[in-house]
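The same chain A turns up in both complexes below, where it pairs with chain B and then with chain C.
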Partner chain A sequence: MLKKIVFILSIVSVIVACSSSDDSNGGSNDNFDRTALLTNYADNIIVPALVNFQSKMSDMETAKSDFINDINQTNLNILSDAWLEAYKAWQHVEIFNIGIAETLSADENSGFVVFFNRYPVTVSDIEAGAASGNYDLNAISYYDAQGFPALDFLIHGVADSDTTPLDKFTTNPNFEGYANYITDVIAQMRTIINTVVSDWQGSYRDSFINNTSSSATGSFNKMVNDFIYYYEKGLRANKIGIPAGNFSVDPLPEKVEAYYKNDVSKELALLGLETIEKVFNGQAIVGSGASSQSFASYLDYLENSQLRDDINAQFLATKQQIQSLNNSFSQQVMEDNTQMTQAYDLLQGAVVLLKVDMASAFNVSIDFTDSDGD
Partner chain B sequence: MKKIALSLFVVGALFTSCSSDDDNGSAGNQVVAPATFQFERNGSTTVDYNGQTTRIEMGGEFVSALNDNTKTETELDGMFTNTGNYFSTTALNESTKNIRSKTAASMDYFSANTTEANVIKADFDSWIANQVSEVFPNWENTATAGNAGQIQEAGGSMRYVNGKGLEYNQAINKALIGALMVDQMLNNYLSTSVLDAGTNRADNDAEILAEGKNYTNMEHKWDEAFGYLYGTDDPLAPQLGADNFLNKYLARVDSDEDFTGIAQDIYDAFKLGRAAIVAKNYEVRDEQAEIIREKISEIIGIRAVYYLQSSKATLGTDYASAFHDLSEGFGFVYSLQFTRQPGTDAPYFTKAEVDAYIAELMEGNGFWDVTSATLDNMASEIAARFNFTLEQASN
Partner chain C sequence: MGILFLFMPKTISTYINTKTNAAPLAVFRIGFGLMMLLSIVRFWSYGWIETLYINPKFHFSYYGLDWVKPLGNYTYIIFVVCGLSALCVALGLKYRIAIITFFLSFTYIELMDKTTYLNHYYFISLLSFLMCFLPANAYYSLDNLIKKKEYNQIPKWTIDSIKLLLGIVYVYAGLAKINSDWLFKAQPLKIWLPSKYDLPFIGETLMQQHWFHVAMSWSGMLYDLCIPFLLLYRKTRWVAFALVVFFHVFTRVLFPIGMFPYIMIVSALIFFDANIHERIISVFRTLFKNIKTTRTKLKTQVYHYKRQNLILPVLTVFFTIQLLLPFRYVLYPGELFWKEEGYRFSWRVMLIEKTGYAEFKVVNGKTKTSFLVNNSDFLTPLQQKEMSTQPDFILEYAHYLGQHFESQGHENLEIYVDSYVALNGRRSQRFIDPDVDLLKQKESFKPKNWILPLKDEIKGL
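Presenting the complex of A and B:
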């Protein structure tokens, strides 16, 4: 009986798709309430997470100012704590590269992410910038010398010829340059997040919800693509696959997230996975907005609850494996990389479920491709 | 899961049928294979598999270097990974391709199983390392049970083996046929997961070409599969024996009268499948992919059985000849895990089964004391899984 319904639904959706010849991207013209889904995403998930992140950024800037006004190790430690809180909050918003966020950089796939979390950081650019005062954080060549990875180095790393992280701001010949650099990086991040939050709190929230088109530019289509893109790149590849050596000959312990702090890569990865789980199931990431319409409930609506369950089971297995890893992924890949590649394999296991099965069920085209061929 | 599969199938089938409405109205577009593997658009070829040609050429130099005792591990690893400019030509050294990254790297078998892929890559790494650390230092010493060295075939070639009688260069050469050529061809480029990846199908239907290219992505994926077999051969009139990998062993199998015609069958399937992509008939395309999967897998199975059987003739009398056959057999047995049973997502032999065979061959002093009974048993089990007999493969 269920089979029959699915069969009929499929025929109906395809016939509809066939007859609308001007809609090359297909699109499920079922009666699922996309407005309710988009409203849940905007009001209960995206905006609260962004506002929370904005607040942590503000705290971090305060800690930075206190440090610059009174440079000592205690204040640097307080700044480090604020940095970690902000970095954790970032894990809940990196996925939302939509609206004005995706227009803010020259990298169309990464959008605003380049100003916050492109790693590994290029330390030589920071050192040269601190020495010369010549740097442009809006230039493509500085995308990998700003954001949390740059702050990670500035707060926890040791500059060339120094002996402690604090030396950058005290005994280093370029101590003023380092103070300016850290100030400029945080100012840049705050400008960007303020722009994004203002956009959502202004006109964008309504246009996001109202853009129920099933074309590639519709909000739903973009959300699906952003979700899968973050899952595949931000989470799977950047946090796990690259350090595990899955795209190179050997493991690369220096390419973990927050390399200089080093003992938080697991914590950050788990928060990234939490974001994926909650977005999928339509649950508030920050605060307590009620669980509502989501990708998961849409799959239910399409009589694809099995797929929903398979995806959630895969997320759970992945979470359990990541939880068993060392707090420092650098240590993990050096001591027992097999555990790390097993985490990657579990993450990869959901890629097909999301990118092929779920995207097909939603009739959404994936707008990015792997550059795998030759 | 069934439900999903069913609905996807239905959606897929209906898309195909509605997209072909404006062509000739039949359920599937007519597909006519051209006489040769020649495909053009606007007067220019649409066929390109230079990356595969490059890798076959790299593999050729790499395998030769494995038998040169002046090479260092760094040099050999450098050829496996294309780092350090150890190839003979600038073109190879400056290529962005390398062999190791495509070893045990297919979408279907290894994209969500990188842990196992790493184990396989580590096998190759250790064979390379052992060739340098065990065999090269004993190049002039006579091999005995438990001791690496040289050993001469009756009136002929000198073989260089480890303490178990294994020629690492042969093991690597034949295992690469499975781990690189067969795996990439059958489990990657001929897979719907790759052919239909992203918007490939819609793009192919609309003849949207890859950026800056004269082919659609789907056409190109198919050609890359073709390239792993014919990459150094004449694509319009394959001579066979053009490399030391799959192309060579297709020639060997085809020259056995029990299997004569297999080369034509494979070529025809590649041609018809490619023509089907041009005609946007994916049913015919996938039928040809299944034919290729079966026939290419057979090459591996036949050669595994062949070497296990042929070694028996000299086992215990002409050790060097037997070891040479067994070393080739070792590599083909290893390659069984990369085969593909048509209509399934599985190889003819799992990795666990292959590992057990390899362990059996290497038990104790390895080839020095392996018995005919062991070889017969293994060969029979392998032949039984395939659509050929022990006798057919043995001569």
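Presenting the complex of A and C:
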């Protein structure tokens, strides 16, 4: 019996030994360089976009302080401009719900996004909060009463029984409450983005690029999932599909992004699409100098350049359709919703290419669940 | 038991009455019981009872078995029953009741939601069904102590029937691999293996080589086809067992297949001669020698079935079904791997990598107004994944959506699906006819003509 066990062990070890020695003569190591890809994403794309957003947030806070110190329409307009600049910069970072960002809220799918861009905003919560001073921006029930949508209402919307947006801060009985609310919302946003940026600039950048594991927690896997999640939910559904009524019996024009400012929803959507395109192709969103190591180059490596081209063609067709829409999506929905639903259909075309073809080529599971296979 | 008769040199009746040492079956019973207990504990400890059976709002049922559902928090009790009965099987305590209880509870668990269908769970159900008819407590069991007698000889066919079941599993799994995707395109291994780039030594090298994917496919096919015969033949048995260990440990490293490899390794012990099993039992005896039972001398007898003439026909029917069922797919037109009609319960393991996407549209047939469904409102990610690639899931889910929206007051309901699937590295193509109102389609064993054909051909069995 002992002989037989020795015999078995030697067979196993020979097989194992053969398996691992054969290849060293095999020549080139043709494995895709994930570290290079992750480094490109971290150093040339994600961190510059986050830092840019952080500085736009800082500009907005300055504009807000100037406004609170001297409340008048001119300063409110300056704040509105700063808000739009920050909102545009946000479109370049919403997708990066990774690292500490995804741990910051109680919503594990949305992570830090709940503090910046959950819309439509619930105005009654803001009004009640301004009246009572009783609100907790960390509570789940306030996720839809803060961030850019809340600022959109505070800067551009008209509160109950007011006549102009500025009235909230002047003649409204709760004018102090509104000033506190806008201050708290911006403070919350700044705290969150500062946390995220300092984590990336601290230890997270290295652990991100070094986590080349093939498991669901590997950085590449998470990037693919975040990319598809943002494309499907943040861009396709939230910006276009929901207002166009794809998910409801009737169109819902009041659910567009930046509803109170109103004439910028197209601009914001195009920036979201630009983020998708640049992340896919590995190009810098802010600044320059990216290495193009990306999902696209990985498809090339997998000898699937046709899919890469098809995806880029679909992005281009979508961009052209969105460019032809009204600056205000709520106007577009009310005037000619078929143009909106056509944009949705084009966005949908790439969902299949990304979520089925690309995910399958990468062998990355979307929404990974832990369970046994066959 | 057609194939079984090939193994025996004499006539049927002498074969039926041939006796053999009871030790292999006793060791098998202990190994099986312990593995099952471990599986249940593992399943529970990972929180899967909650995530797979309690949290989902909706469960996918097998056709005609929609009454088998999780029982809310009482579901845990089924797992307790299943685990305890597995322990009793291992101990050989009230064996007959224990194994029947195990078979029923385990099978109930597997039928609760077909999202979790795995071939190896099906294998466990079949094996435990078979074991209900076998005298696995004849030797080295607590039942021996209770009844104060043990049987050292049992009918040879009882052990052979387990070998036959294992043989069917392997050979059919091997036959299913004889197809052009597996052998010539090395699919789906070509998708799966390169993604294991982070394995030590072989990850960045072997796993990336095309020749290695092809070699793995061919050797996997040959392994499945040959291993039962190599295990049967005395001279190749040890080599075969080494291969079993190597193959299953290797697949365990590569794929998330849970307990299955260990179960197969332990099961393969049944092929060894009785003296090996006697040694294993003597190891148990030394381990437990401190527990002094009232060492009354057990009466040793030869085991005789009381109702062998009833049991044998039942098992003959059972094995005939096992041999025929995997071939039922020939009754369905179109590509099996694409349509999956007659795919389950056939030992088709690791043959397809499918990724799918299915978006459902709820239409008011009169006003033609419509809206899209967010699947995550109703299904877990795992359910969405399984649903999006399998037509029977898509149909069942569409009917569930129909009931849901009808109860919400929607009228004149029609439900359509926009669905795409990518199979074994092919580009995605439309899966279900988008113009078919799924609410008008009924589940049945008939071919589903609303599945669009695969625009490619996969040759083979």
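Just so we're on the same page, the second predicted complex is superposed on the first by the 336 of 374 C-alpha atoms of A that agree within 3 Å, B and C clash if a C-alpha of one lies under 4 Å from a C-alpha of the other, contacts with A are read in each partner's own complex, and residues count from 1 in each chain.
Basically, a contact is a pair of C-beta atoms (placed from the backbone, for glycine too) under 8 Å apart; a residue touches a chain by one contact, two chains touch by 3 or more.
Everything quoted here is computed from the prediction, not taken from an experiment.
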Touch check for A:212: first (chain B), second (chain C), both, or neither?
-> second
Is A:349 contacted by the first partner chain B, the second partner chain C, both or neither?
-> first
Check the residue A:317 against both partner chains and state whether it touches chain B (first), chain C (second), both, or neither.
-> neither
Which superposed partner A:341 touches (first chain B, second chain C, both, neither) | first
Considering only touches as defined above, state whether A:307 meets chain B (first), chain C (second), both or neither.
-> both
May I ask you to decide whether A:357 touches chain B, chain C, both, or neither, giving the answer as first, second, both or neither?
-> both
Which holds for A:246: it touches chain B only (first), chain C only (second), both, or neither?
-> both
Most chain A residues touched (candidates chain B, chain C) = C
Using the superposition on A, tell me which residues of chain A are in contact with chain B and, in the other complex, with chain C.
-> 7, 11, 15, 24, 241, 245-246, 249, 306-307, 348, 351-352, 356-357, 360-361, 365-366, 369-370, 373-374
Chain C residues touching chain A - in the complex, by the definition given at the top = 46, 48, 51-52, 116, 118-120, 191-192, 194-198, 201-206, 208-209, 238-239, 241-242, 245-246, 255-260, 276, 279, 349-350, 353, 355-357, 359, 364, 369-374, 380-382, 384-385, 418, 420-422, 425, 427-428
Can you name the residues of chain A that touch chain C in the complex?
-> 1, 4, 7-8, 11-12, 15, 19-20, 22-24, 26, 29-32, 34, 212-214, 218, 237, 241, 245-250, 306-307, 348, 351-353, 355-357, 359-374
Which chain B residues qualify as touching chain A in the complex?
-> 1-4, 6-8, 10-11, 14-15, 18, 51-52, 81, 83, 96-97, 100-101, 111-115, 118, 193, 197-199, 202, 206, 217, 220-221, 224
Residues on chain A engaged by chain B in the complex (per definition of touch) | 2-3, 6-7, 9-11, 13-15, 17-18, 24, 241, 244-246, 249, 303-304, 306-307, 310, 337-338, 341-342, 344-345, 348-349, 351-352, 356-357, 360-361, 365-366, 369-370, 373-374
